[in-house]
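Every chain is named by a letter (A, B and C) in the order it is written, and numbering of its residues begins at 1.
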């Protein structure tokens, strides 16, 4: 039988709903867990990061303006699309993380279920984190959670899909938009996820995915005055994490520091990650005839 | 020139109504043991749509046993995360089959296709979607760390929003881990039976949802069944009281969503054009077959003439007729009995001296209809100001001050909903905090959302449906 | 409202302000949902045929570009007179709408078959002295325009100088002579529906024959809810004064489906009295061709394509 040469995918960035190469023209070699060549991924530059912030900022008002019900349905649609391409995700996870097919399958299961979990939160965050406040006076007073705005995140380095999903979903469910730097050495599941997002009714710019050297890109994001919050989950180097947190003070960014010990991404996520990226707005209104 | 809209009927081709329907028990359609049946009729044409099984005592036993067994063996053991997926499937299937469900609803109920298409069906899907999200988050609902399901829920729903009321009942019950025996209304069973088919398409484990069709006797069998742990009823206050008596002392959980006589209060600083729309939507939506309908218009004297003139002009533009026509605003009255009840109350209004005005619209020859009707010169003493008419009949009263509006609004045994129209925010909040009503709409009316709790004060019932509070109807907190 | 009352409410800026701010407010969500509900009306078969021809007869076929030339205007006028040469029975449009310097060319081309509307008063911004605006108006009328589409001074309106806006409209109306005056609000700049309602009453008090949403140069231009507010205003004005004022949505109405939605809005807000080119117009350029395509579709039973309508 004649052998057929396969068509290989070009791995690119995901910015504003489009798939550009790095403006720098750079790429880097991505190997599988055994050191064999997998692909050349785009090596994002500071200008790519700048473009991604622009895209995230311009998408944010509309994303927040969508009804919570609508955001929930869109996130659920993402879960449907991952389920439909689970074979590819399993392949990606197996080669990226070097785990067994079974372990990869359970990571994909958990990633899908995580989207579904967060999708369900879209129209419940305000019901759980908001309140009406019995102030001592003739005022109606209520507090509601609102998105902080544009969030820059460094995805976990080890858990290439489940970890990434666990960082991205809670940021966007509340109406934020995100620029996420994928796992540096295991970026391919993130690119596949970008392809899912691009076909899931998620508006362009809500999620922007950069691949490359996070130590090179993240300082630009941490010091960017039009970024509102920083998620340092995937920053393993404590010195860098501290420097980024210092840089973040330039415009008083909210900072989610790296976890003290390596998280088990299969655990129940709880609400901390949603809470980290919401503001609380409180409204006073007089009560009277 | 005149601009006559040509008929724009929705096609019936999307539905395939069987001649006969069985009961839905343990995941299968099954004939009733004693073989009883009744007919369901299109109220706009008096055409018989299908023959429906009349569930007897043995059938209800079977349904409850099936729900019990499903609860024990699968549903109560399933993690919330997995239950959620079934609810998401149900939501998606309702969305996918929305056209079919809308047409079925309109044929069986008589409501305009515009409403079943734009309101009932999308909201039903939204209800499943919203509650699906709760299934794995119950510990966040504020009911204690480990809230528990009741077990088997017996649910009885009315004919005014057949599929939507099914969703209001079934979605929270399943999300919280209960299994269900549902009895749809005698005159509107078709969408519930279509929902049974949807449960099959969703591979919902057999017995989690059981649907028993029948009349009041079947309803009593469900609500009084000893192995039902929780009863949820939407319908008339009279039947609600019977159920409350029957359930008393049994230890069963109970929620009731009953009648209403809502005040829709228009102040002189209201946005008047929108207020007129709100009045129309408040009482003429779904032919007034709405328990929270704004059936008492309280209008401030200084704008009463202006509002009434505008209202009457607006009512003459309402289009009454074929419910399947996409341009119809007012459809058919659901049954002959309901038509007669409306008539009887309207006559009492005439007899008690109120002034009646009806929109001059042509009434079709077949079917049951009632023209949009407004009574002016109504006082609190009139029957039409106190009793629920459940039809397209508005009683208009006037007031001079906010206190007077409040007193009149609260002067009712009911307390389901109320409307306030004013551009003054502080007055909205002042009124809302003093109105004895479960839902207060300000500068809008008859809005529903799965995230928003719905239910009444006083004789309008107790318990809430929708929102975080609605979950409490199907969960025990685990406290003492 | 009689002359004395008009004089009373326009006696001073504060009197006019009190009057305009005493109009009932508009609830934005309610107005939007009313317009959205009416846009679900399904207009089929004979009603659609009737509506398409009516819509064609209500078009103010418009070209308002810096690159307009006599050739372009003449071509548009030919189209306005005979929108579809391949089909008999297609009505002509109501008017052609051009810049003032093209009014003479347009008049020559359409004779007395169509109205010639000229935009004036430093269209579209309205930023010029009153003298310039009045001269602009007089020139257009002299050149043959029998309809003047003026813009209000949005700056003055938003700053609360209502009387200034009122007096300017009165002056332009006088400069119009017998020409009909359409008053453009640029609702996209007024932003709130409350402002749109106040502007409507202000213009009617000042003698507008038509009130018009937009120049077409600012986004959003005409929308269904904004047009609903205008229609409610002319309806209520008629009830109070007995006089009839027309409404013209302009800009952004591109499809036959859009146009029919506007006709439904007119029908159910003001009633059939307003369903005439004398009281309702569409300011549009590309709308006409879509109406013609739909007309062909109704006549032939199959969808038509852009190669089967003329481009002018």
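Annotations for the structure displayed:
By definition in this document, a residue touches a chain if its C-beta (ideal position, glycine included) is under 8 Å from a C-beta of that chain, and two chains touch if they have at least 3 such contacts.
Remember, predicted model here, so these are calculated numbers, not experimental data.
Chain contacts in this assembly form an open path, with each chain touching only its neighbours along a single line.
If each chain is reduced to the average of its C-alpha atoms, the one that sits nearest the average of all protein C-alpha atoms is B. Centroids of chain A and chain C (each the mean of its C-alpha atoms) stand 48 Å apart. Separation between the centroids of chain A and chain B, computed from CA atoms only, is 41 Å. Chain centres here are Cα averages; for chain B and chain C they lie 44 Å apart. Across the complex, chain C is touched by residues 1-8, 114, 118, 269-274, 277-278, 317, 326-327, 423, 443-444 of chain B. Of all the residues in chain C, the ones that touch chain B in their complex are 24-27, 29-31, 33-34, 40-48, 50-51, 54, 232, 263-264, 267-268, 272, 275-276. Every residue of chain A that touches chain B in the complex is listed here, in rising order: 68-69, 72-73, 76, 113, 116-117, 119-124, 127-128, 140, 271, 285-289. Contact residues on chain B toward chain A in their complex (touch as defined above): 81, 84-85, 88, 126, 129-130, 132-137, 140-142, 402-403, 425-427, 429-430, 433, 450-451, 467-468.
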